[in-house]
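There are two complexes below, and they share chain A, which is joined by chain B in the first and by chain C in the second.
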Partner chain A sequence: MSSARVFFVGGLLSFRAQFNWLSPWILVPSLMVSPVAQILLFAYVGRAAGVGDDRFFLVGNALNYAAIPCTFAMTFAISGERWAQTLGLVLVTPARRLPLFLGRALPVIVTGWAVAVFGLGVGSLLLGVRLEVAVWPSLLLAVAVTSVSCTSLGLLMGAACLRIRDGATLGNVVFLVLLVFCGTNVALADLPAWMAAVGEWLPLTHGIEAARSVAAGAPLGDVAGPLVRELLTGLAYGVAGLATLGWMERDSRRRATLERM
Partner chain B sequence: MTRLTTRARQLWLCYRLQLKILLVSPFEGFLGVVFPLMFATATLLVYRVEGDPRAMAYAGLGAAVMGVWTSVTVAASSLLNRERWAGTLELLVAAPTPFLMVLVPITTAMATVGLVSVVVTLVWNRLVFGVRLDVASWPLLVLGVLAATVTIAMFGFLLSVVAVRYRTAWALGASLEYPGWLLCGFVVPVSLLPLVVRPLSWALAPTWAVEAMRSAASGGSPWGELAVCLALGAAYAALAAYLGRRLIESARRHATLALT
Partner chain C sequence: MVARDLRRSFRTTQGRLRRTRSEVEAVRGVSFEIAPGETFGLLGPNGAGKTTTIKMLITLLLPTSGSASVLGMDVVADVRAVRRRIGYVFGGDRGLYDRLSGLDNLRYFAELYGVEPREQQRRIGALLELVGMTGREHERVEGYSRGMRQRLHIARGLLHDPDVVFLDEPSIGIDPVGARELRATIASLKEQGTTVLLTTHYMFEADELCDRIAVIRSGEIVAEGTPEQLKRGVASGRVLEVETYGVPAGVVETLGDLGPVHSVAVEERGQLQVLVLQCDADSEVTQDVLSRLGDVRVGRVSAREPTLEDAYVQLVTQ
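Let's turn to the complex of A and B:
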């Protein structure tokens, strides 16, 4: 019961704290305007270059933008405690670490999912891309799996932020890597081989592949492979994140650097 | 010292100090260059699929200016909030130097970081993508880049003033990044955009600067586009000066200057 409370209530409180306790206004420009603008930017780049179609860019960029809330919010859920000088208080509690940090991940996953779905909905309306009603359940599932894997990457980044100070710069660099390497705007087959090989090991790549297939009408069974790979990639990053978090926590205690700015 | 040299000294010192701060900042210096560079990379990867060298050159030239827009809009929108959080806003407003004369060199320093991005992106495009720029007139092209830099700095000046009441203004600035790249025709011809949004493109000075750069590169006359670009930049500056005075007066009257 105690762990469930830490997971749900602790996670929700931590998430709310990211909006400075006062107003959700910050959501509008960062999580509603920017994803749609990125979708439109690359859809028009595609039109100008005569490459792909609007659906290709719509799905790729909507899912790519899910990485912003997933990685940034997860990073700041941990490093934000450090800046607020509350990390020591959080870690000194007897609460189990697994529900403590996974609880912080749940609202982040939901946000990433909602941002991508918003981008898909508004982007399809603006670009005139028709997504049949029948494809939405599978598409929503693919977005959810992708949000989970991106949040796992965010957990690893949050752990790294116990050592490095500039989480915002790290988050942006990771986002750029995902933009260029994961087949967001260019199919893996059209990327240089070494870039495609890197993309195979990153979250997002297989999620985008699966989402593009289901958006084009493929049944869910046909994309089970990419979805499972996406989930396994997320699981690997999640395990690495939790392990790094434990290591960084112990190391920070030993060096007394937990709250050093 | 005459009034003019005093003002020039103040502008230069303020510009130099801010440039130093920006260049050592990982977020505004490093990311100010890398963020648009990677978006230029993503854009050129799309153009590369068809492999048309003319289209690559078209996108490569425009993509180079994306960094100026990014450096200014993202940082300028939160400029006053940054001073406010640092506790220096009241000191700047109370100083005998007109407050607006403090803002202009700051946004110009931001645009200078963007100039670094222009050079880096052009070199990157050449080395990584083999984009060769066949430019008819380099001096006119450089003039176009400088016009883009100056007018985007003036746009940042306007933005910094307008966003003063918005508590999370940094998010507003970040959300202007992609629409600006699209509307200004950096990597997509404005003629491809829907008719309803084209007036927005025409109201943005960088649209004309990029057109001037393309004219200079192709051997045409860029003077008409440059004139419109600079006129728009002057209009941004005049509007920012007017609004800046009104907003500062209002903030003093309502005692909201230091409101965080």
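Let's turn to the complex of A and C:
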């Protein structure tokens, strides 16, 4: 019972405590205006250049923007403890680390999912892209899986930020890498082979692929492969993140590293 | 609680291209015992090793060598068991979630300590009452004064009703009224039988609250005993205080050469420097001191019995 409460109640409280974008003055421009602007930017670039179609850019960029809250919020939800000097107080509690840190991921996943769905909805209205009612359940599932995998990447970044100093810079770089390597605006098939190979191992790539297929009317069964690959990629990053967190905690007891700024 | 020859060193590096490594010994063989229900003070200047010692006892740092146990449990081997039974409070503004309310800060840590939901409500209410914050708990912490933050820290450290509480400079930066209330809170812990390890720079606070005190200097304990024992044993004799204006450092040094004078400390009070001389009990050094001060302008001269602060200053400046 205690671990369940640490996961759900503790996770939500620490998300509220650490994610400073929850103010409407930051949330609306950064998580509602910006994703729609990015969708429009690439859709109109595509129209002007005569490549792709609006749905391609709509789905790619809406899902890509889920990575913003997923990576940044998860990073802040962990590394923020260091700056608030609450990390020592949290680590000195007997709470199990798995629910303690994974609980923070749940509200992040929901936020990433909501941002992507908002982008899809508003973007489709503004661009006149018709997404049939029947495709939405599968599309929402693909977005959810993608949010999970991006949050797992955020968990690893958060763990790394317990050692490196600038989480925001890391987040910006990772976002650009995801934008370029995951087939957001240029299909993997059109990227150089090495870039496509990198993309295969990143979260988002297979989620975007699955979402594009279901948005075009493919049944869920047809995208089971990419969705499972997306989930497995997320699982790998999540395990790596938790292992890094555990290592950081053990190392901090040996070398007093966690509270160094 | 027992600490046996605790040692902790840190490796530091300097430079970017040519990295030079050095090792700093923060704690060098600290040993002490604290009986259940005792309030034990650990006093020492900044950087003496107080916080490092506490961090080893609360399981945040591994000792380089030596051993320590809390309530019979080893701080290296029985980490979770130790964590369940101890509370940790440190001083200063940080260590709270500013965007959450005081109540949510307490709820969060209550969850992490596994306090049952029904018990949480009762316990948080009682602690808010204890630290005088009832009615302010729904406000965000970012709007709290330093004193309120510190009181919230105390409440947070007591949420799970710990058997042992570590208070690392809890009264730092609190106004006199808040500090008095804090002392009353610590005294009430003692009445409840809680074991307390307290570090503070305020000697009157240690004198009032602690059953026993250890003075730590450069990572080593240089004296241990009751406040009375420390006053008697270390600062033997009397204290001469001389107010001066613009006394040169060289003259201060010559005062230490006087036979009955054990130590000389200078307290800066605006334009005034108060020379505090620890002297033999039956000595009469006033005339010698005044003659060595020569042309230095002198204000009030007084003699008094030594305080814990005198004992502390002598111990850490020897």
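Methods note: the second predicted complex is superposed on the first by the 254 of 261 C-alpha atoms of A that agree within 3 Å, B and C clash if a C-alpha of one lies under 4 Å from a C-alpha of the other, contacts with A are read in each partner's own complex, and residues count from 1 in each chain.
One rule holds for everything that comes next: a residue touches a chain if its C-beta (ideal position, glycine included) is under 8 Å from a C-beta of that chain, and two chains touch if they have at least 3 such contacts.
Everything numeric in this text was worked out from a predicted model, so none of it was measured.
Participant: Sharing chain A, do chain B and chain C clash or fit in the superposition?
Facilitator: Fit: chain B and chain C sit side by side once superposed on chain A.
Participant: Treating the CA centre of chain A as the corner point, state the angle out to chain B and chain C, nearest 10°.
Facilitator: Nearest-10 rounding gives 90 degrees.
Participant: Output check: A:9 vs chain B and chain C. Expected answer is one of first, second, both, neither. What do you get?
Facilitator: In the superposition, A:9 contacts chain C only.
Participant: Touching A:254 in the superposition: chain B (first), chain C (second), both, neither?
Facilitator: second
Participant: Examine A:34 and indicate which partner it touches, taking first as chain B and second as chain C; both and neither are also allowed.
Facilitator: first
Participant: Touch test for A:42: chain B only (first), chain C only (second), both, or neither?
Facilitator: first
Participant: Quick check on the superposed pair: does A:26 touch chain B, chain C, both, or neither? Answer first, second, both or neither.
Facilitator: After superposing on A, A:26 lies in contact with chain B but is clear of chain C.
Participant: Look at A:141 in the shared chain and tell me whether it touches chain B only, chain C only, both, or neither; answer first, second, both or neither.
Facilitator: Touch status of A:141: no partner.
Participant: If we overlay the two complexes on their shared chain A, which of chain B and chain C does A:172 touch? Say first, second, both or neither.
Facilitator: So A:172 only meets chain B here.
Participant: Contacts for A:218 in the overlay, against chain B (first) and chain C (second): which applies, first, second, both or neither?
Facilitator: neither
Participant: I want to verify one number: the closest Cα approach of chain B to chain C after the superposition, in Å.
Facilitator: After superposing on chain A, chain B and chain C come no closer than 10 Å at C-alpha.
Participant: Does any part of chain A touch chain B in one structure and chain C in the other, and if so which residues?
Facilitator: Residues common to the chain A contacts of chain C and of chain B are 20, 22, listed in rising order.
Participant: Which positions of chain C touch chain A when the two form their complex?
Facilitator: Residues 10-11, 55, 58-62, 80, 83-84, 86, 88, 94-100, 104, 107-109, 111-114, 117, 156 of chain C touch chain A in their complex.
Participant: Write out the stretch or stretches of chain B touching chain A in their complex.
Facilitator: Residues 26-27, 30-31, 34-35, 38-39, 41-43, 45-50, 55, 59, 167-168, 171-172, 174-175, 177-179, 181-182, 187-189, 192-193.
Participant: Could you list, by residue number, the parts of chain A that touch chain C in their complex?
Facilitator: 2, 5-6, 9-10, 13-14, 16-18, 20, 22, 84-86, 88-95, 100, 252-256
Participant: Under the touch definition given earlier, write down the residues of chain A that touch chain B in their complex.
Facilitator: Result: residues 20, 22-23, 25-26, 29-30, 33-34, 37-38, 40-42, 44-52, 166, 168-169, 172-173, 176, 179-180, 184-186, 190-191 of chain A touch chain B.
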